Each structure stands twice: as C-alpha cells, then as structure tokens.
C-alpha cells in the first residue's frame, strides 16, 4: 500500500497542513516513526515527539495547535485516534486479502470447488469434494481434508490444518499451525489394563467471525460436532476437547484447555492457562481468572471465578491473602494454645 | 463405505425388520439421524426418538418391542450398544486405512524402503535410509528425517514431524502437528552469564499402539533414548522432555509437561495441565489430578495425588476445603486472641 | 562422521593405548556402548562398565589405571568428561550444518537473496524480498513470509514458520513447528457484545543465539516489535504475546505463557507452565518456579518467586507447608474455641 498524504486525508475526511504529495506506505507509533510512515497524536503526553519524529505525516485532532515548527505533514481530523485506527484496519484488510491466484505446486482433490478471488499458496493441500468460498486465502502448507466447507473471506494461515468433514464459517482467521478436527482423546479401558481407541467420527463446526490462534487444537466430536459459535476468539495453544461447545463472542486466552463435552456459554471471558474438566456447563458471561481450574458447572450468569480449584473470585482473593499469612496464623495459634494450657 | 441394511445385519449377526435393501453410509446418534445414517437404541430414555428419527436404520436389542409404528429399518441384535460400537470401529478402521498410493509431489530420500499398501500424501517428506512398514499411512506435509523406522499399520497424520533416528512402533497414531525427536532443552550456564547448547544426540522410541496427540512435542534424549512404552496414550499439546520414559498403558491428558529424565510408571493416569519436575521416578498406577505439580518421586504404587505442589489427593482436598474458609478461620483466631487477652 | 581413534586422539590432544585404526562413528554412554561407538569414563562409579562395554574406544583421564584387561582402545586425556563434551559438540555441529544445497521442489519469491553454503529442503517456502544469510539451514516445510531477514548460521527446523517482516539473528535455532510473528490476540469489545479485531502490524525481532522450542508461538507486535534479546532460550510450547520483550540470556521452560506487553529482564530463569499477566516489568535475574502465576511487576533484581499467584519463594514454601496442615489447624482452632467458651 502506497498512498499520498492527500489520498489519506480524503479517506479520513481531514485537512492537510504541509506537503500533501508525500507518499506514505506504513504506520508507526509517533516515537518510532520513520520516513514513509504515518503516525498520530492523541494523548498530549506525546506531543514532544511531534517535533522530533521522522514520520512523513501525523494525524492530529482538529483542536490541536502546534507549539513549535513541525516537519511532517499534518492531517487534521475530528478524532485522531479513531482516524488512525480506521487507517490501521483498512491497511490490515488490504494486506490480509492482497494475495490472489495459485502458486505452484498446490494440490486440489477431485470435486473440490473454489470461489473467486481466492489464494492458494505453494504446497497447500485441499482434499476432495470441498466447497471453498469467495475471497478465501489458503496459505502455503495448509492442509484441508475431504468434504470441508470454508466460508467467504476466511483466511487460513501457513501450516494450519483442517481435517475432513469440518465446516468453517465466513470471515474466520485460522492462525499458523492450528489443528481443527483432530481425533479426540477417547480410550476405553480394557480388563487387561490396555486401552481400546473409541472411534471419533464427528467433525468441528466453526461459525462466522471465529479466530483460532497459532498452534491451537480443536478435536472433532466422537459423533456429531464440536461447535465454536459466531465471534468466538481463541488465542494460541488452546486445547478444545471433543464435543465441546463454545457460545457466541466468548474469548479464550492462550494455553487454556477445555475437556470433552463441556459447554461454555456466550460472552464468557476465559483467562490464560485455565483448565475446564469435562462434561461441565458454564453459564453465559462467566469470567475465569488465569490459571484457574474449573471443576464444576456454573449456573448463575455473569459471575467471576478464580483459583485451582476455582470458586468466586472475590472469595478466592480473600483466601489467597490469608494464605500468605498462614505461617503467622499457625504461630498465633501455637501461642494461644500455650496460653490456654496454663 | 456404503452398505445395505442386510449387509450390516449379516455383519452383526442380527435380524432385520423393515426394508433391508436401504443403503447406509454413515453413523449417527438416534436424535441426530438423517437419511443414510444408521443409529442405535439402547437406553429406554431415548425410545421416543425412535419414532421421529430420520435415520435409515436403527440397531435395537432383541428384547425390545416398539410401542408405535417405526419408519427406519430395525436390526435386532443381542446387545445394540456393543453392536453399534463394533460397527463404529469397523467404519473407523476402513476410513483410517482407505488411502493407498503416492500423491505427487512426495519426497523420498535414498535408501529408504516402503512396505506394501502404504499411502504417502502430496508434500510428504521422508529422508534417507528409513524403513517404513506395511500399511503405513503418511499424510500430506508429514516430515520424516533420516534413519527412521516406522512399524506396520502406523498412521502419521498431516504435518506431524518425526526427526532423524527415531523409532516408531506398529499400530501407532501420530496426530497432526506432533513433533517427535526435537532437540531437548539443554543449556550449560557459562561464567559470563550466557548459555552453551548441550548437544542432543539421542532419539525417541515409541513402542507399539502409542497415540501421540496433535501438537504434542517429544524431545530426543541427550544420549540414548526417550522411551514411550507400548499402549501409552498422549493427548494434545503435551510436552515430553529429553530422556523421559513413560511406562506401558499410561494415559496423559492434554497440556501436561514432563521435564527431562523423569520416569513415569505403567498404567498411570495423568490429568491435564499437570507438571512433573525432572529426574523423578513415579510408581506404577499413580493417578495425578489435573493442574497438579509433582515435585517428588513417588514410590508407593497406585496412590492418587493432587495440588500444586501435589500431595495425597484425599489430604489435598481436605486442605482445599479449609482454604476456602481461611478468611473465616482468621477472623475466629482474631476473636479468640481478643478473648484470651482479657 | 566417521573418524579413526587416532584422528580423535589428535583432535583431543590425547594418547592412545590399543588399536588406533578402529573407526568410530557415534557417541554413547559407557554402559550402552556398541561397536563403532566412542564413550568416556570420568566417575569411578562407572569403572566396571569399562571392562564389559562394547564401545570401540573410551576416553579416560590421564591419571586412570585400569585394574583389569580392557577391550576398547583407550584415549588418555587431561579431563575425560570435558574432552567427550568437546567431541559431542563437534559431532553435533557437523551434523547440524551438514546439509547444503536445494532439494526440489522448493519455493523462493522474487527479490529474495540467499547466502552461501545454505540448505533449503523440499517443500520449503521463502517469500519475496528476504535476506537469508550464509550457512542458513531451512528444512522441509519451513515457511518464511515476505521481507524476512535471517542471520548467518541460523537453523530453521522442519515446519517452523516465520511470518512476514520478522528479523531473525545469527546462530539461532528455530525448532520444528514453532511460529514466529503470528498476529497477536487483540480484540476491542463493541457495545453489542461482539469483538472487533485490532490489526497487528508489527513484527518479531530475534537477536543472535536465540533458541525457540518446538511448537512455541511468538506473536508479532501490534505496532513496533516483539523483541527476544541475544542468547534467550525458549523451550517447547511456550507462548509469547504481542509486544513482549525478553532480556538477554533469559531462559524460559516449556509451556510457559507471557501475556502482551510484558517486559522480562536479563538472565531470568523461568520454570515450566508459568504464566505472566500482561504489561508487567520483571527485574533482571528474577527466578520463577514452575506453575507460578506472576501478576505484579518485580522491581528488585535477583529474587525468587513461586506460587499462583506468585510471591517470594521462601515465604510461599512456608505457606505451602502450613497449607498441608490446614485441616489440623482448623481442628485445633475448634478445640480452642470450645475450651475458651467454658
């Protein structure tokens, strides 16, 4: 992306003071701006950087009045922060969807159909009888099994793997190395102490606007579907067991694990390195602190949990505080006993 | 797989009531059955679904008597649940081993030998001087280094990586993105505060019937072998350090980590997100609760541990229960002190 | 690598007793030595193995005097342990850098330049406008995006992924399946309960001598850089959030997670499965025990932390000790109350 300051000002409905023919190709913080960058000034705390930055252009609030001479072109807008964010998003969108066409060699099985404006990187593999939507970007080393559906505008980053029969919605992003539809961990103990594999024949369904982090693994259902509802955001290295269901707009931070058949509600916020036991049901709007271990179903909506094993965050923090004083508590108890014995 | 109801009935030694020429191609729960599916009814609680299911056939117990008209064909067998399980396993086996042949491009180094009925997916890489057994399935994007041995009937799922000199037994399943034989984490501190890499020259040995989950990493030994014994099942995103040994039929749930040189016994059951320190020895049949941290060797067989740091599960649960009451305990202690001072 | 005993003795400045024409191709512990192996004897505890080992040669201390007849050739050196280590390192170095050339098919984008003595494995992908240094080894299934710089002598193991705009220093090792430069986990909550993706446009900078473990993920910065300083060693399945900075020679064990914008000091030692909250600043030389959860910045250098949530290791261990006695403490408190009521 290379635009003139004038083009950007038009896009943002702002006015330029300075050289509006300068070309801008990247975005940066004002304290790190280099030639060719555009930056912004919103917080007055950063004003001093305006007079030293190497950035070619800076977006400022309409109300702003420079106190010293300014080198970069200035673009005056109503709200510099949200204008910059708008620019960021446009830039990101353009980069994300820039690639079009097929790099060779790429593999596609019989009966698979690809929508328009797609990209398939070299060494990408798409199996048989898949339906790939419009504007879908399949990066190098991506594996897509048989009978997979992928909705429009979805991006599958390098080396992500989607196994057979899975369904991926529209506007999803699957990050590098993620695995969707691996066989769940099901083994039936036998009388001789060995285990027999329980066949895992279901799939994974991702609805629209789902984000799956790098290295995250989502197991297919034993039968039926593991379901990740619309708008769910999963961070990196998360583990989702077979037959799990995660409700709309729930966010799960890195390295959390959810064991088989647990249902997480909508709009939950789950910290990093949390563990959920299997077969639980977690109410909508539950918040779970990092490293917590959730062993019981939660029925009441909107509560906050913490601890391993987890209970109400408020109570847990009180117990944690006393935990630090435990040696002191024990000493006080010793003394009381001595006193009382007298 | 497409079979008639009659063929399935023959396979299961059952009798058909209804149209035995219907074709069945998939398996489903009775409440989710669609045309072309076969399902089963075992628990009487689900009987009502029998009268509404869209499945083409349902396996029922010989003793069962329908109370209403039934649309699908019925297959009467001694035990409907175990007959369905048998069908599941057969179906799963057929799917797992269906692929035969080599998709192009696939890479194989000099001196490598492949057994019969194998599959190698496009973009799979097998190095030099490997011995690959009969009926081995190597999916796309699999990497196999040099001098690797893989036993008969083993399945290496897409993007799994087996580094040089490793030995994989028969009837193993290596799930997508797993890494076997990566260099262990060994660094010798130097006097200037930097670290020197300790060369890791050993390998990993997986015996027969081992399951390695998606994204799981198993480091090679410094010298000698990291050993995963027969029948061990490792879930997703598990970390196994260098020179670890895991005994027969031990099961390890997701996101657990085992530090270098620790020996885990046979038939242990390890929960998710557990951590083991290095150089421990854990007795046969030990059970470790999820999120526990094991810092000491366990000599007595068959005990259950919990907590971080872990101790006897029974005792840990008692301490956990008091932990919740800690603020109350402290308050009671405060009051006692006041009383006693008087 | 195949050398005669004489060649090795010359390399180690030692003297041979026995057949110095024997050929040696591998290294082993003395108790596991086979024909063609070289081993060492340092600890007198292992002396008995010297008389039974199958190794072709054994390195011993100059001061050592065998008590019985010895089959293998002996190489006498000043310090047998450090001589063996020297041999290990040379062997490892030769194996690591042995591969040279390009296996086909390999993909390289326009404008990318490769240094001399490099290796690119089959199915490796390097994007456009990259600068790849001398003696860089890019294994099969490696993905390198656009505008990436990789310094001399760096090894990128199979299936590692380095996304666009990242900078990798010299003498780094990126282990299999690691992901460097994935988009950070940034989502802005909207008033309707959904989340909007915050574009992540920065990169990751790895300085020299950095080790990134198998399956480890390092997110790019939102803007600017996630920075991993010289000599940092990251174990397997570690998660590094966007805009994190890790100081020189810090070591991070497996499955630890560091949330966005946290700065870790130099020479820290971080255990396995540790979690750091975001936006913290951790002083140089901090030690953090396994499974700890660090929720606050640490200003004092060189302290040791433990627990979730973490506090001073010494204090935490005292509290942990009392935690085990909590049921007893509660009982004692009950009794005191009864006594006092009388």
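Each chain gets a letter, A, B and C, in the order it is written, and its residues are counted from 1.
The criterion applied here is as follows: a contact is a pair of C-beta atoms (placed from the backbone, for glycine too) under 8 Å apart; a residue touches a chain by one contact, two chains touch by 3 or more.
Here's who's who by UniProt: A, B, C = UDP-3-O-acylglucosamine N-acyltransferase.
Computed from a predicted structure; not experimentally measured.
Relative orientation of subunit A and subunit C, expressed as the C-alpha superposition rotation angle, is 120° to the nearest 5.
Counting the residue numbers that touch the partner chain, subunit B and subunit C have less than half of them in common. Between the Cα centres of subunit B and subunit C there is a gap of 26 Å. Among the residues of subunit A, those touching two or more other chains are numbered 105, 123, 141, 159, 177, 215, 237, 255, 273, 291, 308, 323, 326, 329, 333, 336, 340. Residues 26-29, 32, 88-89, 91-92, 95, 103, 105, 121-123, 139-141, 157-159, 173, 175-177, 209, 211, 213-215, 231, 233, 235-237, 248-249, 251, 253-255, 266-267, 272-273, 290-291, 308, 320, 323-327, 329-330, 333, 336-337, 340 of subunit C touch subunit B in their complex. By the touch criterion stated above, subunit B contacts subunit C in their complex at residues 105, 107, 123, 125, 141, 143, 145, 159, 161, 163, 177, 179, 182-183, 185, 187, 193-195, 197-201, 215, 217, 219, 223-224, 237, 239, 241, 255, 257, 259, 273, 275, 277, 291, 293, 308-309, 311, 315, 318-319, 321-323, 325-326, 329, 332-333, 336, 339-340.
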